[in-house]
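Chain IDs A, B and C follow the sequence of writing; residue 1 opens each chain.
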Amino acid sequence: MAAPLVPKLLRAHLSDLASNDARLDDRGQWDGRETKLEIGVLPRAEGSARVTMGNTIVLAGVKFQIMTPYPDRPNQGGLMCSCEVRSIAGRHWENGPPSPQSIELGRVVDRGIRESGCIDVDDLCIIPGEKAWQVILDLHAISDDGNLFDAFALAGIAALRNATIPAERFEIGEDTPLKVSKTPIMCSYHKVGGRFVYDASYREELGGDERIHITLGDDDHVHSLQKGLKGIFTADEFAEIMEHAKSRCSELRDMVNG
Amino acid sequence: MGGYGDVQMIDDDGLRMDGRKPGDVRPITIETGVVPVADGSCRMTWGTNEAIVAVYGPMEAHPRKIQRQDRAVLDVTYNMAPFSTTDRMRPGFNRRSREISKVTADALESVVLLELYPRSKIRISIEIVSAEAGTRCVGLTAASVALADAGIPMTDLVVSVASGKINDVVVCDLNKEEDNYGEADLPMGVLPNSGELVFLQMDGDLSPDEFKQAWDYNMDAAMEVHKLMVDALKGGEN
Amino acid sequence: MAASTVMKGWPVARLDTMSRESSADGPRDSRRALVVVPGEDLGVSEGYEAGHGVLVVDGRLRSTKQGRMNTKGSTVSVEPLHTTYMPRPGDLVIGHIEGCTNNIWFVDIGAPFNSILPMSLGPAKVEFGGTRKILDIGDSILCRVQEVEETHQSVVTMKGLGLRKIKSGALDEVDPHLLGRLIGKGGNFLRDLKLESECRIVVAENGRLWIDGDLDGIFKVRNCLKELSLEARQVGGVN
């Protein structure tokens, strides 16, 4: 990913906006963009979702494979989350081997889903020590106008909840829905013009500093955190965004469970 | 192409498994402006194929060594998303994708007025998010709509259609089952206003008569698809 | 505004040839503002000249772009629905400094190729090797295109009235072909917008705008730009 040029004027304007409690697109500090979730959009995937947040669009698809369980965990299947941001998603994304940015994206989303325990890997075992299901969640960005993290996480969990284990195709019994017991939701905050805002757009990301990602489970338990990019933040700032994350996560959870 | 002649893909009335006549094309939808951050974009569904194409540019060509002093370069990537096929497609380098990217670029270079943009690059990203059969045709056709949407000057749109042979009968636009048992495949890229060709591949086995038939099916189908492309680009105006 | 320059025999689209409505009373009047697509046949070429977005192939006019067909006098052209900025000598542009050497700045002017600003055309007297003290990477400047070669090597200058480094306000962007609408007939639309928003607005030909004023004013201008872009994107949707 070629580092895009950050005009100094943009940074100055963003901090000017922040000191007047305003944002580039007229949103409030804690307002998200209009979010749309569609499920079952990909005919070849066993579970799928498309999330649209303003001009950010992502797809998530779930596929299943048969794997041999690891010797130390003979009764467990696997969950894998892979993320690709290819050149379709924006001028600044390039093809080639996965960039550190897209690897970070995939791993942060993966941790949130894995650590929430929403998928019971013991359930995925077919024959202990021999055969188990591997669930693969593929995240694909179509249009990047900022905050791919939240869009990926939302699409990812929605696609898993929509997934069916294709047992008939592999000739091992009947198709059953994948059991997903929880709904972990991620909220991301970017420091723009000296203060944290929720759901930053691309221009805010470009002219902003560090970002913090929080994944909360059903009972507001924290499942993953990530601080990215250069920047310093205080404990008070963190407490404030944590408060907001709790209310926003439950809104988004209702959308997924809907 | 296997040539499994024992599987019956065409019934006694000459209709195919999905009810189409031999010369019929699967249902198609075309939508532009689907990637808001791109200069031009197109989503095309063709049967259960779905391609999303974004065009960026003309923009500065990096690295410098790819720049051409007399014209723009087309940077085409064709990629199948991991979830686009029945068995998961592993992401990463893939010889098939590379070849299709190259022939798609070759076809589009024949129509885009590259000499107007020396030293620059036009980037075309073709993502197949759902694959049935004939994804290269969908990708190329959608790419030409996306280029038009981006305002890139070109002498004509490119329509790509494939015909093939099943059970010794020549049919147009093979679907997945037909493709699995197909005995030949002839994808073509046609310029609808002149009837000229910019893209041609073929594999399998066709007699001279069958070849002529497949060729004619492709030409007729291309004109039909072209009407849909024009409608999509005009957005219901005129 | 400089006279229409011709590149490789192509009359180039300019703001003054991209008016919203054609005032031409040509024989093709009935076909005015028709939306056309690349490859579309626009009739015989005899008696007509091919303007922007139009080619002559075998004695017939053919569109090369998606856009609205315009007939002005005997020139048939296509006003595109989407364009990339192509610099021409004399254009006022807003650029960002993206790099520099001891005696040259590299300027991103939103075109398919960057420009150079040599030290001699800079805003102030510079010591050799002191370029970053005057204009640093990330700074934005108001400059004018001095020269564009056929191979797209281009030079910008800051010698001229009003050309300077931009130190305050905000930048925004619209597609270059919408500038005609933004300015309006005789500059009316832009003048009204300036009065209403109480902002200083400089419209550069590469589609970048410098808006200087208080935040309310900047928001007013921004909303207006958003509407303009949405309106222009109406054509070309689902089929």
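In the analysis below, a contact is a pair of C-beta atoms (placed from the backbone, for glycine too) under 8 Å apart; a residue touches a chain by one contact, two chains touch by 3 or more.
This one's a predicted model, so the numbers in the text were calculated from it and none came from an experiment.
Asks: As a test of understanding: of all chains, whose mean C-alpha position lies farthest from that of chain A?
Replies: That would be chain C.
Asks: Going by the touch criterion at the top, tell me which pair is linked by more C-beta contacts: A-B or A-C.
Replies: It is A-B, judged by the count of C-beta pairs in contact.
Asks: Centroid of chain A to centroid of chain B, CA atoms only: how many Å?
Replies: 32
Asks: List the centre-to-centre spacing of chain A and chain C in whole Å, with centres computed as mean CA coordinates.
Replies: 38
Asks: Name the residues of chain B that each touch 2 or more other chains.
Replies: In chain B, 59 touch at least two other chains.
Asks: Two or more other chains in contact with one residue: find those residues in chain A.
Replies: none
Asks: Given the complex with chain A, which residues does chain B contribute to the contact?
Replies: Touch residues, chain B against chain A: 34-38, 48, 50, 52-54, 56, 59, 62, 77, 79, 81-88, 91-92, 123, 125, 127, 129-131.
Asks: Along chain A, where are the residues that touch chain C in the complex?
Replies: 5-10, 12-13, 16-17, 20, 22, 26
Asks: So in the complex, the part of chain C that touches chain A is made up of which residues?
Replies: 96, 98, 108, 136-140, 166, 168-171, 215, 219, 223
Asks: Mind listing the chain B positions that touch chain C in their complex?
Replies: The contact residues of chain B facing chain C are 29-33, 39-40, 57-60, 69-70, 72, 111, 113, 115-121, 147-157, 191-193, 228-238.
Asks: Touching residues of chain A toward chain B in the complex: what are they?
Replies: It comes out as residues 2, 42-45, 48, 55, 57, 59, 61-63, 65, 82, 84, 86-91, 95, 97, 136, 138, 140, 142-145, 169, 202.
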